[in-house]
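Next up: the structures, one after another.
Common to both upcoming complexes is chain A, partnered first by chain B, then by chain C.
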Partner chain A sequence: MCLLLPSIILVALFFWGLLLLFQYSFRSYIPGSLEVGGFTFANYERIVDRLYLGAVWETLVICFWVTAIALVLGYPLAYVLIRHPSPLLRSTILILTVLPFFLGIIVRSYAWMLVLGSRGFLNQVLTSWGVIEEPLQFIFRRSGVILALIQISLPIMVIMIAAGLSHIDRSYERTAETLGANPLKVFRHVTWPLSLPGVISGCIVVFGWTLSAFATPIMIGGGKVYVMTVMVYDQILGSGNYPFGAALGVFVLIVDLVLLGIGQKVIKRIQGRMRQ
Partner chain B sequence: MISKIFRYWSRFTIGLIICSITLFLTIPTILVVFSSFNPTSVLDFPPKSISLRWYFNLGERPDFRLGFINTGLVGLISTSFSILAGIGMALSIQRGSFPGRHAIYAVVMSPLVLPGVIIGVGLLMVASKTGGVGGFPIVIVAHTLMVLPFVLRSILISLENMDENLEKAAAILGANPMKRFIYITLPMLRPGIGAGILFALIMSVNEFTVSLFVTARSTQTMPVVLFNYTMAYIDPTIAAVSTIYIVITIIAIWLLDRLVGIAKILRLEGKS
Partner chain C sequence: MRVRGSFRKGVLILGSLTVFLLGGSLSQVVEAQPFVVSIWGGHWKEVIDKAVCVPFTQKTGLKVEFDVGETTDRLARARATKGNPQADVSFTTSHVARLYASEELIETIDVKKLSNAKDVLKIAFKSPTTIAPYATIYTMAYRTDMIKRPITSWEDLWSPELKGKIILPAFDPSHIIVVSALLSGGNEFDWEKGWEKLKALKGNVVAFYATGIQSIEMMRRGEAAVGLMNSPNIFRLQKEGEPVKLVIPKEKAIVTTDAVTIMKGTKKLEAAHQFIDILLSPEAQAEIVMGFNVPPMNPKAAIPKEVMERPGIFTKPEDWAGKAYIIDDEQRAKMLDVWREKFRRDIMR
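Moving on to the complex of A and B:
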């Protein structure tokens, strides 16, 4: 039991934080003070306001696009990473995928500011090739945030799909081949369905990460791409309105947990069907 | 003949697709390195000359120096705490049988999936209740919580691969539990602990979102300093710091691969 003591202390502090978040969300705000007033539902009523519902919508739209595109880009990369015969190519892809995964979010978001700026890399390349005349605006726009978040979540998508692919028993595919299925058919009817658990857990993680993303939306979006996390930050560190910030935080947490729950259910169902 | 051409074509297209995806993944990082050696604020591509002025600027700014010291301090302390907590927890999860150990495991792993903003706000509220807002203790607690999932995973992998018979043999030969732990278990866990230390250092040194909420000006870690700097100025001083980060990360990943194998940590090794 005493082996667990350090972890228990940490877990207790963590829970205390979540509990306080919950508790503050039902308190009234006294402007200009960090002390809070009596019990109220007002903070939750305020969330159902156009601006804040707009932020929820903005977040979900960004999450959807990032997850969808990361899946389309990540699957081929994961497939080559696991299945390509050349070990050199496999380890090159592994390193190129893993490196950005371990680089901090600030470094990576800053890198995208360099790429997307009005005199940034992308605009310089496109203008010099004559594709565009005027620089495109990505910074402060949803498109820029989505583009950056795709690259930032691609490594984890590739890793999750690759983990799923690496656990597929190859003999199923060989059997299908022996039975005369062409490669496309083998992929469609054998490999793809068997890789679904990896694909879905990849999608859940990427969706969850994008939902929790904060540095990228605020750095690339400059506060103009108003997602839920930026909203919480504004209330807590901007206005010092702890109760309302806490209510928004609880809301983000619930959305996150519901999504995780749905995802787990879907994975269980697919695995159950595979066993049959 | 036609099928041969078709096969070449499909190979070529697949190669092209893979190349473009990898380029998309790596180009931003490469640009940061170029930009840090570029003499002007706006990056010319390809660069016309090389300059170290942003690296010198780095040395002159006291906020960067403080951020660097804080990051080192917080990184080292939270890494040691997380290793202690991680070893204890890994042992009690693998060997113990008391109820609730899986629940604690799930909670310890949860910072991987919960939004950093929420953890940050929660810990900020804990700090304000205990009067420790912006102090080192809450920053270290935050970092330990954030890196523990990675540490725990690497130690658990090591522990699962360990042959328990060695400990049993030592017990039969009369070694007490303390001696068994020091002379058998700990040395056998070395790769996992090594990987855990590297993981924890990488994650702590890069941790941003939670740090933003729990640090104050005097306890700011490097990512928070960088963030505040980008909010005020846009010049490649950040690129210089980022390049240092990139170099350190590459070395750490190389070491991690030598110690336990990246593919193993990421669970990429299976049936072939």
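Moving on to the complex of A and C:
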């Protein structure tokens, strides 16, 4: 019990903060002041507005594409990381995967701005090869944000899938091979289903992490990519409208919990099918 | 029993040693408590450090430390530490200073303790709890290597030649909203008159910057050819050798003032007044003008002639009357939330 006490205190403080946030969301905003007024539902009524629902949709679209593309790119990397016979190659992939973590998100996002900018590396290469005459706009749009977020979240996806792959009993694959299955069939009917828990965990983590991305959309989005985190920041630290910001924060939390709940149900269903 | 007795003795000795050391170090900590200035980072901190903090330390013997961050980040921290402020004085914007005041986070400034106050322009004294140490001009800057035809008017922003070439602030659209209103026969109170005109600007905007540093980066990297920026950031680009020209438009530049405040609950109230007095002195004001490229609040500031001739350095009454449009702070503070939402909805999407 004594050992649990610090954790209990931390959790209690966290929930106290959430409770304060929740009660703030039902107070009215007084323009030009940080004082709040009386009880109101107006903040939640305001959320059901195209601007804010649009930010939710934009966030979900970005999360979907980042997760999907990170999965497509990350699975082969994770496979080679775990299965390739060459220790040198495995170490190299591991180092290249983990190295970005040491750079920080701000540095990585800034690097992408230098690569994707109108005078950046990519435009300079395309111009010098004669592919384009005028620079293309890669940043200040959703695609630039997605690209940067993929690079930032790819290490997480690789590590999660690799963890799942490493737990697969190779004897199942060998059995399938001895029964005449070619490598593609072995992958499709044995390796892939057994790696699904790692895949889904990776997708949930990357999706959830992308939901909370803030610095990258701000830096690469150029104000034109409006996501939920920027929406909350705008209200609380931009407009000083703490009650509405609190309501948006509660709303974002509910969206996160619903998505996580769906993810958990999917995992349970897949695990249930695998047991059968 | 012997073991228990030794254990008790050990705890007693260790405890006494701890109290002795802690007490000693605590008294050292109390004596060495620095004077904390809350301010934006980078260049803002460097200029104020040189202009004010160095002479302040020489005069009072107090070491100065900085609490650095964006305007609203520092407001959030000040709220969280109400009654036990982490800073002694705070630099902020004049409309955010109203939010500080509404939360009773700042002290009334005793102007009688400021020997330099008598020389300072009246616009510096906007409220009992704030003094403007300088004015900030929001105006146009353009890269002369990307824009061949000189820009002289706010109307030039709407030119088809500037399609996809302009950056505007995301965090505070009040300047461009007031500009659009002024060009349409309105002002910050009658701002809706300019809204359709502002919507017509949308296609010319390539990005909206979230911080001053981001605006500098966007102009420096050539992501934008024209920016609506504050004059200190424009000056910084010029100092770095970037081919950027600051424009005082014929319709007047938008002027806002920053504010210096004394945090309520500071244990160094006298020192805080001394800090502000030094800030308003001719010597410090001259350093601020040369460091930020902003108009001084003390006309006695000894500014070199070549600096006085720079665009945006208003030193004469006719400069203020003919070239500066000062936005009403109270209206700005009251409308900012509405303006931000409407700007986000109609212009930024």
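We take it that the second predicted complex is superposed on the first by the 266 of 276 C-alpha atoms of A that agree within 3 Å, B and C clash if a C-alpha of one lies under 4 Å from a C-alpha of the other, contacts with A are read in each partner's own complex, and residues count from 1 in each chain.
Operating definition for what follows: a residue touches a chain if its C-beta (ideal position, glycine included) is under 8 Å from a C-beta of that chain, and two chains touch if they have at least 3 such contacts.
Since this is a predicted model, take the numbers as computed values, not measurements.
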item: Superposition on chain A - do chain B and chain C clash or fit; value: clash
item: Chain B versus chain C as contact partner of A:Tyr226, first or second or both or neither; value: second
item: Touching partner for A:Phe214 - first (chain B), second (chain C), both, neither; value: first
item: Partner chain(s) touched by A:Ser118 [first = chain B, second = chain C, both, neither]; value: second
item: Touched partner set for A:Pro243, first chain B, second chain C, both or neither; value: neither
item: Comparison of chain B and chain C by chain A residues contacted; value: B
item: First (chain B), second (chain C), both or neither touched by A:Gly198; value: neither
item: First, second, both or neither for A:Phe140, with chain B first and chain C second; value: second
item: Which superposed partner A:Leu51 touches (first chain B, second chain C, both, neither); value: second
item: Superposed model, chain C segment overlapping chain B, candidates 56-64, 74-82 or 128-136; value: 74-82
item: Overlap of chain C and chain B interfaces on chain A (superposed complexes); value: 34, 113-114, 119-120, 219, 236-237
item: Residues of chain A touching chain B in the complex; value: 1-8, 10-11, 13-18, 20-21, 24, 34, 73, 76-77, 80-82, 93-100, 102-108, 110-115, 119-121, 124-125, 151, 154-155, 159, 162-163, 166-170, 205, 208, 211-212, 214-215, 219, 229, 232-233, 236-237, 242, 245-246, 249, 252-253, 256, 260
item: Residue numbers on chain B that touch chain A, as the complex places them; value: 14, 17-18, 21-22, 24-29, 31-32, 35, 42-43, 45, 81, 84-85, 87-89, 91-92, 96, 98, 101, 104, 107-108, 111, 113-119, 121-126, 128-129, 141, 144-145, 148, 202, 205-209, 212-213, 223, 226-227, 230, 234, 238-239, 242, 245-246, 249-250, 252-253, 262-263, 266-272
item: Residues of chain A that touch chain C when the two form their complex; value: 29, 31-35, 50-51, 54, 113-114, 117-120, 137, 139-140, 218-219, 222-224, 226, 234, 236-241
item: Residue ranges of chain C touching chain A (in the complex, touch as defined); value: 70, 72-73, 75-76, 79, 96, 98-99, 102-103, 164, 170-172, 206-210, 214, 217-218, 221-223, 330, 333-338, 340-341, 344-345, 348-349
